[in-house]
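Below are the structure tokens for one structure; questions will follow.
Chain lettering (A, B, C, D and E) follows the sequence in which the chains are written, and residue indices restart at 1 in each chain.
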Amino acid sequence: MDIIITICSGFLLLVGSFLCISGGIGLLRFPDFYTRMHAVGVTDTLGAGMILVGLMMLSTDFLVFAKLVMVLLFTLLIGPTTSHVLAKAAFHNGVRPKDSNNLEQSKEKENTSSIL
Amino acid sequence: MLIAATLAIFVAMILAIIRGIAGPTLYDRILAVNMFGTKTVLLISLLGFVMGRPEFLDIALVYALINFISVIGVLRYSDTNQFKHMPTEDKSIRKEP
Amino acid sequence: MIDIVLLSLLVVIAIAIIRMKDLFAVVMLTGIYGLLSASFFVAMDAVDVAFTEAAVGAGISTLLMLVVITMTGRKEKSTRHKPLSALFVVMLTGGLLIYGTLDMPYFGSADAPIHKHTSPRYINDSMEEIGIPNIVTSVLASYRAFDTFGEVVVIFTAGIGVLTLLCVARSQKNDEEIDSINDSMHQQHLVIRIVAKMLIPFIFLFALYVQFHGDFGPGGGFQAGVIFASAIILYAMLFGLSTARKVINQTFVQVIAALGVLLYGSVGIVSLMNGGNFLDYNVLSSNPIAGQHLGILLIEWGVGCTVASVMVVIFFNFAGRRAFQQHKKQAQDKESSAC
Amino acid sequence: MLIGLFNDWIVVVLMMIGLYIVIAHGNLIKKLIGLTIFQTSVFIFYISMAKIDGGTAPILADGITQYSNPLPHVLILTAIVVGIATTALGLSLVVRIKESYNSIEEEEIQQQDNDEQLSTNKAEENA
Amino acid sequence: MIAHLPILQVIIPLLAAPICLLLNRSKLVWLFSLLASGLAFSISILLLQQVMTSGVISYELGGWQAPWGIEYRIDNLNAFLLLIISGISTVVLFAAQTSIEKEIPKDKHVYFYVLYLLSLTGMLGIVATGDAFNVFVFLEISSLSAYALIAMGNKRQALWASYQYLIMGTIGATFILIGIGLMYQMTGTLNMEDLSQRLPEVAQTRTVFVSFVFVIVGVCLKLAMFPLHLWLPNAYAYAPSIVTAFFAATATKVAVYLLIRFTFSVFGLSFSFTTIPLQTLFMALGLFGIFVASTTAIYQSNVKHLFAYSSIAQIGYMIVGFSLSTVTGLTATLLHMFNHALMKGAIFLALAAVVYRVGNVELKNFRGLGRQMPLTMAAIVIGGLSLIGVPLTVGFVSKWYLLTALVEQGWWPIAVLILLGSMLAVVYVWRVIEVAYFKEPLEQNVEVKEAPMSFLIPIWTLVIANIYFGIDTRLSVQVAEAAAQSLFGVSP
């Protein structure tokens, strides 16, 4: 029985960490703020959820399991909220998505809009 | 398996820090801080299991909480002149806040 | 192995902080610096310290610096005055310290003198003498209780110091004006307000859990106080300072801060009355172990009250000063536009 | 030799970065941040002193014999609170200085003070 | 209750501070803090008698033995310092209510008293404790309340001076923390008594040497010794005058006590004066400090700046006495601590009276004060004379002991330099006296009256003490001698 559990948790941990790394790479390589937002937002919540469920499988007594459930619920709640607030504030302050069709027009807009 | 996961989280943290330092606009940096926070939560939980001391999970929970509050704080105070006048809908490019 | 990676990340961030000009980015990096040093403490088995460093180092100090930056501007002038003399002083002290580390016991070696003299007693006898599993809390609250008392007074002094500097006599008039701004804020922060309404009771509950769980796991008065205060700060940020002030007004919080210190001191006085030395919990009740438990519980409660109320006082004063400045700017705009 | 003391050398580098920021940078907030880095590195020095290889967190649990030393943890809990108290007071001073001097750069403030000093001396000569 | 005196000494002002915050009415809070400070003063007198009769008192906090719990060790040195601090604070508090009427806004009076009591607690805590880390905690309490008190000055320079003091003070405190950490790492204990026994066997290692250097540099930063004194003049000049009167007489003495305690009791005499040439280094810095500080004092236009620089010079005298590392040298330093507290307390309280009446202490406002405020100016004159070291005043006693200590060691040239230093003191005291007595008052100062009684009583108690201890030196010398012997007797 526990062999299956270890395999499952190992698999979940593997996928979760792969997602986290892909989120990190997405953060670096994507051209514009909103695409990076997207990359991080998605992989964060899913990757964290995966790893935490993987850990839940490994946990022995109930208290640890309960704490892990709380951490999972908390991350699932605040992850999307922070992304939402971040996007709203960014849009509010004039960071415009870089639309691909007129690249050069957006080039000069890009450097004026990026505040710093 | 746990060790592999911790190493992966480490790599993700380093990527977040690179974006945090390099990030052109302010909001890239807030995004990096946010991602860094969630990665630390995972790192602490994994460390708890690697070292066999499940007490660490309280700290992971506090990390998530603190990360949430500091990102909200940053966003709440980053658009400072929002209170100067009623925010009209067609907000053009904002000048230096 | 982990700690070397974490330390090198810390050095990278510290160097980045030197070179950054935009103060917002520097504050963000300080937040990451606090989180990283807290995870270093976790790797070093310092569980309570990681707790406090995360809550205080990454949470409260970043928030305070943010509020100050909105008041003082984001750009730092680039002139580095007297860098050479600074470099010389730094090289001197650095060289002296490196010279000092040559004879230090190696990192993690079990035969270092500090593991031999005082701490074996803490580790071996604390269960019989005090009876709580978390040795750090037993040393913090019983063996060296007077240090913690001094520390509560330090926090109390900081709170009074910030009060004297930033206290603003609030007139009733500008409260209504701020309320009008509040309505505009409402439709701005709709989503986050609903999420916060769901979260804040949970955070209070978690703070109380941390307060009373201090004997068995990581936690205690300081951490609980800071978490309690951060929930109130979240409420004040999202629902506006004036509504938060209606819920928790200034004088009430000051009284709680003073009562926390007095509670801690009176536990000491009671043990004086019962014939023991100051802060000697054995005399608090019939059998010593119960006395220790009672004593530790009471002083943790005192510490929690003082830290929570001082953190709230500090944040309210900073945010209140910011609102006061904005209000003054608005008044000037009106006059300049009017005349 | 290297691995054993490598930890302390990095801590010393961090201390020196913090001290450099405090001395070289003119911006008052930057100085406070440098002070926080300087103090945090002292905490890291204390905690890396308390670690024993193979020792776990000092919370008594059955079946574990080797614990890290709890005393530096207690000292650092006090020092962290002292650090945040100093930062909070320093920040409130920076706010008041900004209001009265309208600048938070050390040179400008020093300049305004010297000008004020010169003007009072001049007023005294012709008085 | 008698057995609990050491802890009551610190706890009474400490618990009085939050109670004052609860009382919240400035008149009531003033009386309550006066009561608390008076109580602390009487406890320190009882403690001094107890120590003189029955030797060192050791008080274990929390009932745990010394190296595991925190221990309060009161010997002659502590008791002497406790007496000075609580005495000066009671006298200064007497004049506080009328003085802050003019200088601090109404709604901040209660906070002023709370911070005042906290800084008093901090200083008493530093002096009474026998645990190294406890010194750091109470050092922070007294420094934090000092930063907040100095920032309450009405001029904007007070904020800038308090900020500089905060940066320098925190760096000093963190240096002391590093020093204590290194000491703890090599010996495994934090109790000062235990440290002095366990340090000799590890004394030759580099770490202990570096920890000694860090502790000494940290304490010298707090002490405002010559090269590290930049924060003191502005901090004392722009702070509210009651705060200056309290800190000028006590804050630097506490730092000198720390210097003595760490070099003599913790590291031991032999270690401290052999590893680095502490003797010549401190002698040179002390003398240099005396001359530079006295010359800058002469050119100051603000009288508070003038006497702040003269405080730095007086600290120079204490450092020279300390650097002799002989019993008479140390007695001279301890005597000078006591006498300097009396002198500076009287002078700065008189300046507070002048600020109360005239508004500021620029030298041009001092014209003709000799006739308009006779008693206050007389106090400044007597204080100035005892600064110079004129016989029949308390300054003469400490100068006399310093000179005998120097002559005993056979260093004639340094004794001559000390006398030259006193001549410089004559110049800047004369500048004040000449303006006050031989110049006509400015037109706006014509109707200035004498200071109210609440100023004159504390000023004149200090001035009479100045003269009494100048003549009947039995008490102060006997206590200082006993303290110096106990230090030399204690270290092997």
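Everything that follows uses one rule, which is that a contact is a pair of C-beta atoms (placed from the backbone, for glycine too) under 8 Å apart; a residue touches a chain by one contact, two chains touch by 3 or more.
Nothing here was measured: the structure is a model prediction, and the numbers come from that model.
Counting only chains that touch, the fewest steps needed to get from subunit B to subunit D is 1. Put simply, the chain farthest from subunit A by mean CA position is E. By number of C-beta pairs in contact, chains C-D lead all other pairings. One inter-chain figure worth recording: subunit B and subunit C are separated by 19 Å, centre to centre, where each centre is the mean of the chain's CA atoms.
Centroids built from CA atoms put subunit B at 10 Å from subunit A. Note on chain placement: the centre of subunit D and the centre of subunit E lie 26 Å apart, centres being C-alpha means.
Separation between the centroids of subunit B and subunit E, computed from CA atoms only, is 48 Å.
Counting partners per residue, subunit C has 22, 24-25, 45, 47, 69, 97, 101-102, 104, 112, 114-115, 118-119, 122, 144, 147, 150-151, 154, 157-158, 161, 165, 192, 199, 217-218 as the residues that reach two or more other chains.
For subunit D, the set of residues that touch two or more other chains comprises 15, 19, 49, 56-57, 59, 61, 71-72, 75, 78, 82, 85-86, 89, 93-94, 96. Taken residue by residue, subunit A touches two or more other chains at 78, 81, 85, 116, whereas all remaining positions touch fewer. Chain pairs that touch one another: A-B, A-C, B-C, B-D, C-D, C-E, D-E. The touching residues of subunit D, when paired with subunit E in their complex, are 15, 19, 22, 28, 31, 35, 38-39, 42, 45-46, 49, 71-72, 75, 78-79, 82, 85-86, 89-90, 93-94, 96-97, 100-101, 109, 113, 116, 120-121, 124, 127. Looking at the complex, you find that subunit B touches subunit A at residues 1-2, 4-5, 7-9, 11-12, 14-16, 18-19, 24-28, 30-32, 34-35, 38-39, 41-42, 45-46, 49, 54, 57-58, 60-61, 64-65, 67-68, 71-72, 75, 78-79, 82, 87, 91-94, 96-97. Subunit C meets subunit D in the complex at residues 3-4, 7-8, 10-11, 14-15, 17-18, 23, 26-27, 30, 33-34, 37, 40-41, 44-49, 52-53, 56-57, 60-61, 64-65, 68-69, 71-73, 76-77, 79-83, 85-87, 89-91, 93-94, 97-98, 101-102, 104, 106-110, 112, 114-115, 118-119, 122-123, 126-127, 133-136, 139-140, 144, 147-148, 150-151, 154-155, 157-158, 161-162, 165-166, 216-218, 222, 307, 314, 317-318, 321, 325. Only residues 6, 9-10, 13-14, 16-18, 20-21, 23-25, 27-28, 33, 36-37, 40, 44, 47-48, 51-52, 54-55, 58-59, 63-64, 67-68, 70-71, 74-75, 78-79, 81-83, 85-86, 89-90, 92-96, 112-116 of subunit A touch subunit B when the two sit together in their complex.
Of all residues in subunit C, only 22, 24-25, 189, 191-192, 195, 198-199 touch subunit A in the complex they form.
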